[in-house]
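In what comes next, chain A is part of two complexes: it sits with chain B in the first one and with chain C in the second one.
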Partner chain A sequence: MTFRQSHLALPVAVAIMAGCIAPLAVLVAFSFYEVEDFDLIPAFSFRAWGDLATSTTDWFLIGKAVLSGVATTVFTALLGFPVALALTRLATSAKGLAIIVLLTPLYTGEIVRIYAWRIVLGGEGLVNTLLLGLGLIDEPLKFLLFSPFTIGLVLTYNNLPFMVLAIWVSAEMVDRRLIEAARDLGARPVDAFFRVIFPLTTPGLAAGSLTVFALSAGEMLTPSLLGGTSGATAMALVDNLFGTAFDWPLASALALALLATLFLVASAMAGLLLRLKGARAVIGRA
Partner chain B sequence: MGRIGLSVLIVAAGFLYLPLVVLAVFSFNDSALMAFPLSGFTLQWYRELAQNDNFLSGFVTSFLIAQPVGILAMLFGLMASLALTAPGFRWRGLFAILLLTPFLVPKSVLSIAQAMIMSRVGFERGATALILAQSLVALPFATALISAVMVRFDRRLIEAARDLGASPWQAFLRVLLPQIRPALSGAYSVGVILSLADLTIAMFLAGRTQPLSLMVASEFRRELRPDLNAMQVVVLALTALLVGLSEVYRRRRLRRLAAEA
Partner chain C sequence: MQRFILNRRQMLGGLAAGAGLSLLGPMGRASAAVSEIVWATWDSNGHPEYVEAFEKATGTKVKLSFLSSEDAQFAALKTGSAADWDVVNPSLNQARRYIKAGELMPLDLTKVPNLAHMYDVFKATEKVKGEDGQTYAIPYLWGLNPIVYRADIHTEEPTYSTLFDPKFKGQLAMRDYALESIAIAALHIGIPRDRAFLLTSDELAEVKKALIAQKPLLRTYWQTIGDLTNLIATGEVTAAFSWRVPYDALKDKMKVAMAKPKAGIMGWCDCFAIPSSLPEEKIETAYKFADYLLGADYASTIAEIGNYATTSSIIRDKLTPEKQEAIFIDDLSVMQNFMWPEAPENYSEWLKVWNEVKAA
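And now, the complex of A and B:
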């Protein structure tokens, strides 16, 4: 057999199969195993799935993961659109710089960002000191740190650059003459946005939403380190079942249920966005 | 550009950099408490950091783990991109989906599944496991970077080289490689950066290895300390230096390519 360029896919595929697909398959197998005396015994038991099905906590936590992913997606989209549209107006020379400015916060470590927000939002942090100094509040705001608010804020912060980037790429491809034509024909800027720009940038919005959802829904560090009492996540529970409780079957079943739910929600979300009129126009043209 | 657009960008940049600026400011603040008002300038925390052997060894560990991650991400990203852009590759769609899975599956789920399989087959968790897992997560990013450049490459140049008697290997080395070198260096830095930034994978797979992010995370649960701030600033500065260097390199390559053309 002669060598062809496409054969290079083989080692890569093997690596992904071994490092990614096989562990997930093993998760499926383990979810049917039994545990006896801290030993994992091959079996075909539905005990773990039964436990999972009847546990309200588990489904509540899975629902919470979906909610936090969707909320982060919506927040980043609302904030990302104005930023992405403003970026398209920059001079070409400034765009390279803008990319660096946008991406550098992503290079900081997960723990660095979490650490930094704790300093900003704490009782004697920047925000509270500022608000106290301005006389807007009489005592430090407690909800800023270790609350659902903190989780939402930091997840939005972590994922905003991805959303901006995706929408920006899409918005750069919109023919500016279409917007000018709409304006010439009497559309107000708001109409031009909703009837021309927004429909034509839905592919970018879909790509950004998928990315942000995938990155934020399964996140366990930000909630557990900054969420305080509201920081419980499905993944932290999986971690607990895996490490401390040594209930690998239930840990596997819960992780798989979470994965399947996230996958369904993500496909539904992408499907909905791509069914919009503009997306079909853009994709049909390409 | 309108005034509204400019203010949007300024507010956005402020939001993105606010936590990092605050972090840096407190690393120079002359007080053990991280609270306003500021008490004065000091380099004490950086001095303490330089004398802390634990952190220094964590630093070296993180750095040594990040290098192979960058190289593996680059090599596998290159192979994946070559396959993706190969003419007449029948499994392209399927292969692309496969490449996306390490990105779409949450890191936490993936690492826990990997930890389970490793302990079953007796593969010890540690630096090797960490390097392999981090490379896998970096692979989709590296592939995206390299193939974005490769799809714009004119394949006829390769065909011309082949017609003139070059072997496939020579055609790759002399025609394609010079064009994609900036993208390769980008893929390498993405691997290094993702490895340095990671905490989730390390939590599950590091075993007895102690990269910096794990050390900080365990300190973090106890208290905030200014010397930790100083360390974060150092890590940040080093990462920025890396990004800066690879950007300078990329621009110089592009200029040279333009000059040759």
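And now, the complex of A and C:
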């Protein structure tokens, strides 16, 4: 067998498959077990799957995970495009600095960021104090913290760098002459964006979208510590079932259902994005 | 022919004992059999200074292994990943789970003379006994989980119903924990204390309604006690079912107080227990440690530094009235109002209700 470049990926591919399939196989096996007096008993029981099928709470939370992932993806894409395009216009020396600044939030731990958000958005926090001081409001805006708004804001903020980086890399590869040609032929800037830049950056958008979707749909800490009473997530429920409830079969079934749902949604997203004309043009080029 | 097998644990123990011997010389020789025991416990129960007196008296070092959660402790014992733990720390309300699973060793109580000083309410508990009638755990440290509140905002001492009062909308918090939150709602809707953990399905449905109605009044559900302390310190929450920690942390900075609702005070209690796998040669030391936890040295240091009371009355009369009050032993009738959160038979139903409330 002749050695090809693609063979270099084999060891990593094998590791990923093993690291992914082994735990999944364990989850599948556990989902058919029974629990008695805090003992897991190997069995072929459909109890957990039955419980899952009839639980509106579980499916509501899975739906919420999908919604949260899709919403965060859309928000980060809308905000990320202008930032990524602006990055391509910077001088090479400034680009490095800009990327470091862009990633700054990621250097602090998640818990630190969460408590910082509380200080910024709280009833006696920075934003409310400022607005009260300016006389724009009479009472602190309570919805800023511990609400679905907070979850959306923080997930968007946390994931924005991943979207920007992915789009930026794609945007850097767009041949400037194509944009200039479009403008020379009378395209307005907005047309040049939608008909030249956007199609050619869809691979970056796809990569960013899939990353952001995966990271935000499975997020548990931010909703639970900043989402207030609306912070329930499927992930936290899985955690609760594995730990407090010691119901490993149901936890496994729920985890598998969540995984399958997110996988399907992510596949649909990838399919849609990569079917776009520009993506085919770029990827087909390789 | 008897085979001699030296497992990893004995091997390590032997090496450690050897090292101890050579370092300590003649003094170490007396206790050479056990140079160290590992105590799995909460960080609040096991500061190094709390065990200093034991180490001095016995020459055995106490290595502290801090727990992250009760569930993690149980899982570690269950899966065998806690092989180096010599003494463990089940809570009174979960002790039966460990006993049923066969994780604990039956105890010979004659080896713990300080049991004589234990308050009756702890002596009498059946929760540490197995179906065989033997005792598997010894309660040693306890406290109350009060409502911590801002005394400048709540002019009347809060009750559990305060946590359901629309007057305080947006300033209240409950713990994200089915057992206590459901029991509190049960007390609020008038279910008596002795039945708060024995709810029928119909009662659970009523409790669920109360908890869903409470949701818009809550600022949030708190996750960890540090989380709640932060919420009270930043003015987000003015009353919450709590542990005493926020009170101790904030009492010098703001007007906070603790309420002990008459409807029933949630108590917590930690137990001493020995994993059933503990090697023979360490058992005597483990018993000595149990006796130490019920003795005067541990009680004095933890009362002084941590503001916690042990289950022993051994030093109560020597404490100042202020200290007695601080650790809830000034008025011993408090023990008549105890409610021990206990996982009910239909616990999975409770958890389901709680998850439904949170997702509602």
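Just so it is clear, the second predicted complex is superposed on the first by the 265 of 286 C-alpha atoms of A that agree within 3 Å, B and C clash if a C-alpha of one lies under 4 Å from a C-alpha of the other, contacts with A are read in each partner's own complex, and residues count from 1 in each chain.
Rule of thumb we're sticking to: a contact is a pair of C-beta atoms (placed from the backbone, for glycine too) under 8 Å apart; a residue touches a chain by one contact, two chains touch by 3 or more.
It should be emphasised that the depicted structure is a prediction, and the values quoted were computed from it without experimental measurement.
Participant: Would chain B and chain C fit next to each other on chain A once aligned, or clash?
Facilitator: With chain A as the common anchor, chain B and chain C collide in the superposed model.
Participant: What is the contact status of A:Gly228 with respect to chain B (first) and chain C (second): first, second, both, or neither?
Facilitator: Once the two structures are laid over each other on A, A:Gly228 reaches chain C alone.
Participant: Is A:Val70 touching the first partner chain B, the second partner chain C, both, or neither of them?
Facilitator: A:Val70: touches no partner chain.
Participant: If you stack the two complexes on chain A, which partner ends up touching A:Asp247: first (chain B), second (chain C), both, or neither?
Facilitator: Once the two structures are laid over each other on A, A:Asp247 reaches chain C alone.
Participant: Of the partners chain B and chain C, which touch A:Ala48 in the superposed model: first, second, both, neither?
Facilitator: Touch status of A:Ala48: no partner.
Participant: Check whether A:Tyr115 is in contact with chain B, with chain C, with both or with neither, and answer first, second, both or neither.
Facilitator: Touch status of A:Tyr115: both partners.
Participant: Name the contact category of A:Leu145: first (chain B only), second (chain C only), both, or neither.
Facilitator: A:Leu145: touches chain C, not chain B.
Participant: Which partner does A:Asp39 reach: the first (chain B), the second (chain C), both, or neither?
Facilitator: Only chain C is touched by A:Asp39; chain B is not.
Participant: For A:Pro11, decide between first (touching chain B), second (touching chain C), both and neither.
Facilitator: First partner only, chain B.
Participant: Using the superposition on chain A described above, determine whether A:Leu160 touches chain B (first), chain C (second), both, or neither.
Facilitator: first
Participant: Which chain, chain B or chain C, is in touch with more residues of chain A?
Facilitator: Ranking chain B and chain C by residues of chain A touched puts B first.
Participant: Taking the two structures together, which residues of chain A meet both chain B and chain C?
Facilitator: Residues common to the chain A contacts of chain C and of chain B are 115, 118-119, 122, 124-125, 225, listed in rising order.
Participant: Which chain C residues qualify as touching chain A in the complex?
Facilitator: Its residues touching chain A are 69, 71-72, 74-75, 78, 97, 100-101, 170, 176, 178, 215-216, 218-221, 223, 227, 230, 234-236, 347-348, 351-352, 355-356, 358-359.
Participant: Report the residues of chain A in contact with chain C in the complex, numbered from low to high.
Facilitator: 37-39, 55, 57, 60-61, 64, 115, 118-119, 122-125, 142, 145-146, 224-225, 227-229, 231-232, 237, 240-241, 243-247
Participant: Help me check something: in the complex, which residues belonging to chain B touch chain A?
Facilitator: 1-2, 4-6, 8-9, 12-13, 15-20, 22-23, 26, 33-37, 76, 79-80, 82-91, 95, 98-99, 101-110, 112-117, 120, 132-133, 136, 139, 168, 193, 196-200, 204, 213, 216-217, 220-221, 224, 228-229, 232, 235-236, 239-240, 243, 247
Participant: Quick one: in the complex, what on chain A touches chain B?
Facilitator: Interface residues on chain A, with respect to chain B: 3-9, 11-13, 15-17, 19-24, 26-27, 30, 40, 79, 82-83, 85-87, 89-91, 98, 100-102, 104-120, 122, 124-126, 129, 157, 160-161, 164, 214-215, 217-221, 225, 235, 238-239, 242, 248, 251-252, 255, 258-259, 262-263, 266.
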